[in-house]
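The structures come next, written out as structure tokens.
In the two assemblies presented below, chain A is common to both, partnered first by chain B and then by chain C.
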Partner chain A sequence: MIKIVTFMVVMLTIPGLSQAQTAAEKGLEIAQAAKAYDKGFTDFTADMVMTLKNKSGDTSTRVIRMHTLEVENDGDKTLSVFDQPADVKGTKMLTYTHGLEPDDQWLYLPALKKVKRISSRNKSGPFMGSTFAFEDLGSQEVEKYTYLYLRDEACAEWTCFVVERYPAYKHSGYTRQVVWIDREGYRLVKSEFYDRKKSLLKTLVASDFQQFLGHYWRPGKMNMVNHQNGKSTLLEWKNYQFKTGLTERDFRSQSLKRIQ
Partner chain B sequence: MAKRYAEFILRNKITTVILSLVWIMAMAVGAQYLTFTNDYRVFFGDDNPQLVAFENLQDTYSKNDNVMFVLVPEDNQVFTRDTLIAVAWLTERAWETPYSTRVESLSNYQNTSAEGDDLLVEDLAYEPENLNKADLLRIREIALNEPVLVNRLVSPRAHVTGVNITIELPGIDQTVENPQVITFVRALKAEFMQTFPAIDVKLTGITMMNQAFPEASQYDMSTLFPLMLLLFMVVLYFWVRGFAGTITTFFVIIFSIMGAMGMAGWLGIALTPPSFSAVMIIPTMAIADSVHVLMNYIQARQKGEAREASMIDSIRINLQPVFLTSITTAIGFMSMNFSDAPPFRDLGNIVAMGVMVAFVLSVTFLPAAMMLMPGRQQVKETASNRMMQNLAEFVIRRRGKLLVGMGLASILLISFIPKNELNDDFVKYFSERIEFRRDADFASANLSGLYLVDYSLESGIDGGVSDPEFQQNVENFANWYRDQAEVIHVNVITDTFKRLNKSMHGDDPAWYRLPEERELAAQYLLLYEMSLPYGLDLNNQLNIDKSATRMTVMLYNMTTKTVLALEKRAQQWLRDNSPVSMQKEGASPTIMFSNIGERNIKSMLLGTTVALVLISIILIFALKSIKIGMLSLIPNLIPAALAFGAWGIAVGQIGLALSVVTGMTLGIVVDDTVHFLSKYLRARREKGLDAQDAVRYAFNTVGLALVVTSMVLIAGFTVLTFSAFALNSNMAFMTAVTIVFAIVADFLLLPPLLMALDGKDKDND
Partner chain C sequence: MRRLLLCFGLALVSSQAVADFSGNIALESQSFFESTRFDDQLDNNLTLSAKPKWSGEWGGGDDLWSVELFARADNKDDERNRGDVRELLWLHLDGDNEWRVGINTMFWGVTESRHLVDVINQIDQVEGIDGEEKLGQPMIHLKRYQDWGVLDFLILPGFRERTFQSVEGRLRAPLVVDTDQAVYESSDEDQHVDFAIRFSQTYGDLDLGLSWFDGTSRDPVLVAGSDSDGNPVLVPLYEQMTQFGVDAQLIYEDWIWRLEMIHREADSNDFNAYTAGFEYTFYAILDSETDLGVLLEYSYDDRAEGDRGVFDRDVFLGGRFAFNDVQSSEILAGFVIDTNYASQSFRVEGNRRFGDSWKGTLELQTFTSIDSEDPLIALEQDDHLLLEIAYYF
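Right after this comes the complex of A and B.
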């Protein structure tokens, strides 16, 4: 009896062993490798200029200062300070991103002089009216998706892994993403976002990559085009600074009011 | 010359038939390129100002095309667990609708509430299967007090609810894209009704309306077209009195349709219900030519002449008038090119092509094919011809009284023309036989309407939507609209600001008011936008620099006159109460359809005048008499004038459909005049008869043919009055009435006029 069971277990395992690695495993491995590559940046700050464009060609600009703190075994903490438009100047948003749980989010509204905790499962809506959703900007946690490696392909000046990933978060706005990640620096060069009806919704192209601390790559520009409504948003990143000495204390909701 | 031509055709019968077939086939091949459009925008030219305004508005915010599922629970209770489960199920599945960008319902409405210092943003009915009685009551309370929802997604009585899907077609090929949406939502509806049998479903919305256009055409094609052909065959068999004539004419009709529709395909014309009605108008036009040729052939045979000789003689006397009538008919239809609505331009051009094809066939294929068919030996004189002789005698005897009587009657009827007023109702374009119309009527009566007016209210400064003064103005405008009896619902951003203000102050109802500072409002907005899910954002209400907001007013189904009057009052309100930047006209399909009637009547006035001038010039040259040519204006113009007078008494409302009638009937009406006058002049010139005898001659030779062709026309257009598309049926009805008046004018008014004015001098030749 035991022999038979052992035999069956061996028989069932063999195909898996013999094929070395499935596409799902390879996809996961690439995501883990990308996360591992980016590990250890500790913190960084950067200025972001957002230019929105609609179908008629009208544009509008927002300016935000971003602070990011790396968190071990969870999503990063980010603090965004809004500088423009003028009427939201000084508004601050603190987010503890999580993999599969709703993010924790607090907003400090200077006009109300109060910190408000926002309880919402949503991170799929437009970020400040742009074509970016909050979930497009949050940190890339491995457990947020399941993966499927598709192929290698030339992208910009590199060779990229092309990986399909499926959001594990129930309230994601997407059913599928296809991402192009370069094989050397794990730069996220391009992403395609598919909506709930499984049609292409948006394409994000990142460019003008810069390397920091001799290791970490960050894009200088990110352009997100919504194919369904003809709107687009260009993010320009400036003044990247790494290891600025930010600590947990700078990312507390209680201290949100006084941070500049 | 005509005689030599006729002899030539009859010498080469078989070649003629074969060449005709080849020619028709070459044109008909183009039919493969024909498509049915399903986009209401085709009714508007690219430069239509209301269309341009609306497209701009849509580009600034988002598209308005939509499918609305109206859910009607058997127990008339929306706020039960079962109904909310169904709503949530449908909302979830609706996201899979092709080209959908937004799905809104009671279940996914993003409700904000306060919990201590926390702001909660979540689905109004989250996971409805877990809702208890208290939850249901709370949800009901919130929903029925939320101006964003009441009268849009839930009825005030809470007996019906809606799931609204916004559709943004890429517009690469709408004939493919729109049906994809329709197929999906109909399948979803079927699945829904199977899963939730206690809830009835109606489908309305702009996308459904778009699909109703081709469906109305298909309805007409499958019901009216066969009826029309059958009717014509019966009429023809009765009058032409022979199998050969009936069958050949049948082929002339079919070939004319094939040729014209094929050419429409080659030219890349997209079919709409109005342009598709060409399929039913062409036979009516085509038949006339054949009838004229056949009638004279039969008359000659009745006098005992040989078949070929009879046919040659018929062509000899008919070639010029048939050519003339075809040209004038084509010009009449082509006057529709002045129309502001492209479907009518297409209709005019397709029918004009059909008329010309029919002309060519009736002087080539028809005589050749007739001679190839077995023909009857002898036909007896019919009683009808004696009737014509009697009529001629009556008209000649009573010419004085007729002239006065007809004149007075005409003046009386014409005096009722001003009783017509411009009015239309575009949902009523579709008859109640079309499901969309029934569903739209139900939705309008129970939940929400299809008649919208959008305003892009501009503050003039970046971020100005948060400005307290601007918000107050917007709210005042919205409240003014809410006080108007025609209005179902006003969707306005200030309601969101008020709700946010309340939620940010611990849900204290006293704070349900506009924020007092610009910064505060702007920061609320930032916070709120940050917490909305995919597809429920505010991009449809705010422009990107937040300097302007869209306000949508929903109206009951109503006529264009009421819409325009309401918009006029709104403009007056804006001028009296708001800054200049806010003073913008409303834009929407409703506004577009409300203006097109008037725009079209103005443009068709020019078109009709051009057609009239062209036709009169042709008549003067063809009849070789300025006097007779000018005289023909009277019987040409009077029928349409009489018809509009009669319409003024009976109905009194003119819309898009009737604006093209005068131009197109002009071409048809002229035919009778041409035939009558050409025979009259032939008698005067060739036979040297005086006016009275010439009238007698005209009645005898052409009277019967005119009665037959008019009857055919009236019958044809009467069938078309049963169209599922009101633009077609109204147009057809008016045309039929005009043709009745035309034959009356040609028989009772034109001859007395000729005898009165042409009788004395001998200027001819």
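Right after this comes the complex of A and C.
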């Protein structure tokens, strides 16, 4: 017992750890800085080509056009228009993302010409049969996690903050994530996802970053590997366009016909 | 009217260099297990259908057009050799106003087992008895966004008659409906201009819709008559009606609660009806990626027995498996139990994608322990299996 107390006293007096800022505060500060860095993009559109690959190497493709609108003091609004596979062509998914509150989500089904409000509860479910879960593709709001700064480390050609984060929202499929964020442009270079049993489930590596409007960084490729079932999904982002003039009107649930 | 719209559509297609083209071609085989209940009905049939769609925009995206056609050819049932314009539409965006002019198909309402509020389009009944295949309706439609909700104003010139199974067709009443003899309450017949207004708004997790319709009922009263050879038939009578509707959906955690309620006034009958129920979803069951949704809905209709339709005091119990796999595999199963007659019908449908462009659907429908007093008795021997292979482009 005395040994433990002595050990703790020694630990607390080591410079750096006893300073005013804890690892949790530093983690939060990095998340806030990353969010602040990305602020002001207003809106962007991009085409997303998803290539799903299973253990034996069979591939399957999805093509989705993404529209994102920045919302002040709340999560972004996104509209995804499906082009492939052909049987879901014209299907649209509208999401109003929020911080800790559940997202609002609508689906437009062209075969029935029906707009259906759906539950966004299924955060940990696979998106279109891929290795991405719905929660991996949502907007990065600061309050969605609690944080712990681990260390600085070289990553790709940069130096990264390595931060552990724990989902604060309900129904996540993860107990924690470890993320590598570069110190200059706050690019999310790599993420590791740990499942509910605390084992490593997936690793996401982002690359081919491009800078837009002289400021905002977006990845050209994101590869998500599931270590437990051998499946992977490559997202390739094309035709990024910023400040395209999208407005709230383009993100109305009743109006899912507006963007073709 | 039709010809005018078609010319307008063709003009648009030809003036538009960049048109988006999509749709599907499907081959469907239907096999009935039991001998026919009525003479001349068929035991199996094979049909080929196509649903192409073209769409595009001009004027910097403020004007959009779309054309969707539907055609089917059946190897046996002539009534199913047919085509329809599901959509031939010009959509104009003007700030908080959206104008839609042409032929369109709309979907109002939220419940899964019955669609009470959805009265704008006529049902294409030969395509399915669930009321989800509909005929295109000519309309001038203004959608207006306000801070306090969305308003839809519809002017509906021109009426479409319901399609009914021919004498060869299965899943029909004992007497054939003679659509050539259709009669109307209004002297304007199928040229009567109908009106509808809808208000809808989202309040947090609650979606609410209020609707009003005044015009020709899409739901005919079937009157006894005879055809030119003196054989007894049913004659559809299309009355004038006014209908008020409410639809609401509430999402709470793993629950979705749904309600549709109508009050309808017509010469033959004033009545109230509702469908209410819930869907509860079990996510990632048994540590898999499969979700299971359990649905329970009850339908009530306060008309006297005999005046009500087949779905009058029925319980619907359904299960929806979504496998969340690469092929988007799904299984939907549903029981309908009539609380008056204890009749049961059961339907299970499974579908999945093959490769990137093909989709297969297998559907089984059975009718069991049907009471001889229940109008559903006509379908008692119509248990069947349906297999569909569709190519999407």
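Throughout what follows, the second predicted complex is superposed on the first by the 240 of 260 C-alpha atoms of A that agree within 3 Å, B and C clash if a C-alpha of one lies under 4 Å from a C-alpha of the other, contacts with A are read in each partner's own complex, and residues count from 1 in each chain.
To be clear about the criterion, contacts are C-beta pairs under 8 Å (C-beta built on N, C-alpha and C of every residue); 3 or more make two chains touch, one makes a residue touch a chain.
Just so we're clear, the structure is a prediction, and the values are computed from it rather than from any experiment.
Student: Once the two structures are overlaid on chain A, check if chain B and chain C clash or fit side by side.
Tutor: Because the two structures are overlaid on the shared chain, the partners are seen to clash.
Student: Would you mind checking which one, chain B or chain C, touches more residues on chain A?
Tutor: B
Student: With the two structures laid over each other on chain A, which partner does A:Ala86 touch: chain B (first), chain C (second), both, or neither?
Tutor: both
Student: Once the shared chain is lined up, is A:Arg249 touching chain B (first), chain C (second), both, or neither of them?
Tutor: second
Student: In the superposed arrangement, which partner chain does A:Thr45 touch: chain B (first), chain C (second), both, or neither?
Tutor: In the superposition, A:Thr45 contacts neither chain B nor chain C.
Student: Based on the superposed arrangement, let me know which partner A:Thr146 touches: chain B (first), chain C (second), both, or neither?
Tutor: A:Thr146 contacts neither chain B nor chain C.
Student: In the overlaid three-chain picture, which partner chain does A:Leu107 touch, first (chain B) or second (chain C), both, or neither?
Tutor: first
Student: For A:Thr203, decide between first (touching chain B), second (touching chain C), both and neither.
Tutor: A:Thr203: touches no partner chain.
Student: Could you name the one stretch of chain C listed in 168-176, 186-194 or 348-356 that collides with chain B in the superposition?
Tutor: 348-356
Student: Across the two complexes, find the residues of chain A that touch chain B and also touch chain C.
Tutor: 52, 54, 60, 85-88, 112, 114-115, 117, 119, 121-122, 124-126, 128-129, 171
Student: Contact residues on chain A for chain B in the complex?
Tutor: The touching residues are 52-56, 58-60, 82, 85-88, 91, 93, 105, 107, 109-112, 114-122, 124-129, 133-134, 171, 173-174, 195-199, 228-231.
Student: Which bits of chain B are touching chain A when the two form their complex?
Tutor: Checking each residue of chain B against chain A gives 56, 59-60, 62-63, 95-101, 110, 115, 117-122, 168, 170, 462-463, 466, 504, 517-524, 526-527, 529-539, 542-546.
Student: How about chain C: which of its residues touch chain A in the complex?
Tutor: It is residues 20, 22, 24, 53, 55-57, 64, 91, 93, 95-96, 98, 105-107, 132, 143, 145, 150, 200, 202, 207, 249, 251, 253-254, 256, 281, 283-284, 289, 291, 324-328, 353, 356-357, 359, 390, 392-393 of chain C that touch chain A.
Student: Tell me, which parts of chain A touch chain C in their complex?
Tutor: Within the complex, chain A contacts chain C at residues 52, 54, 60-61, 84-90, 104, 112-115, 117, 119, 121-122, 124-126, 128-129, 171, 249, 252-255, 257-258, 260.
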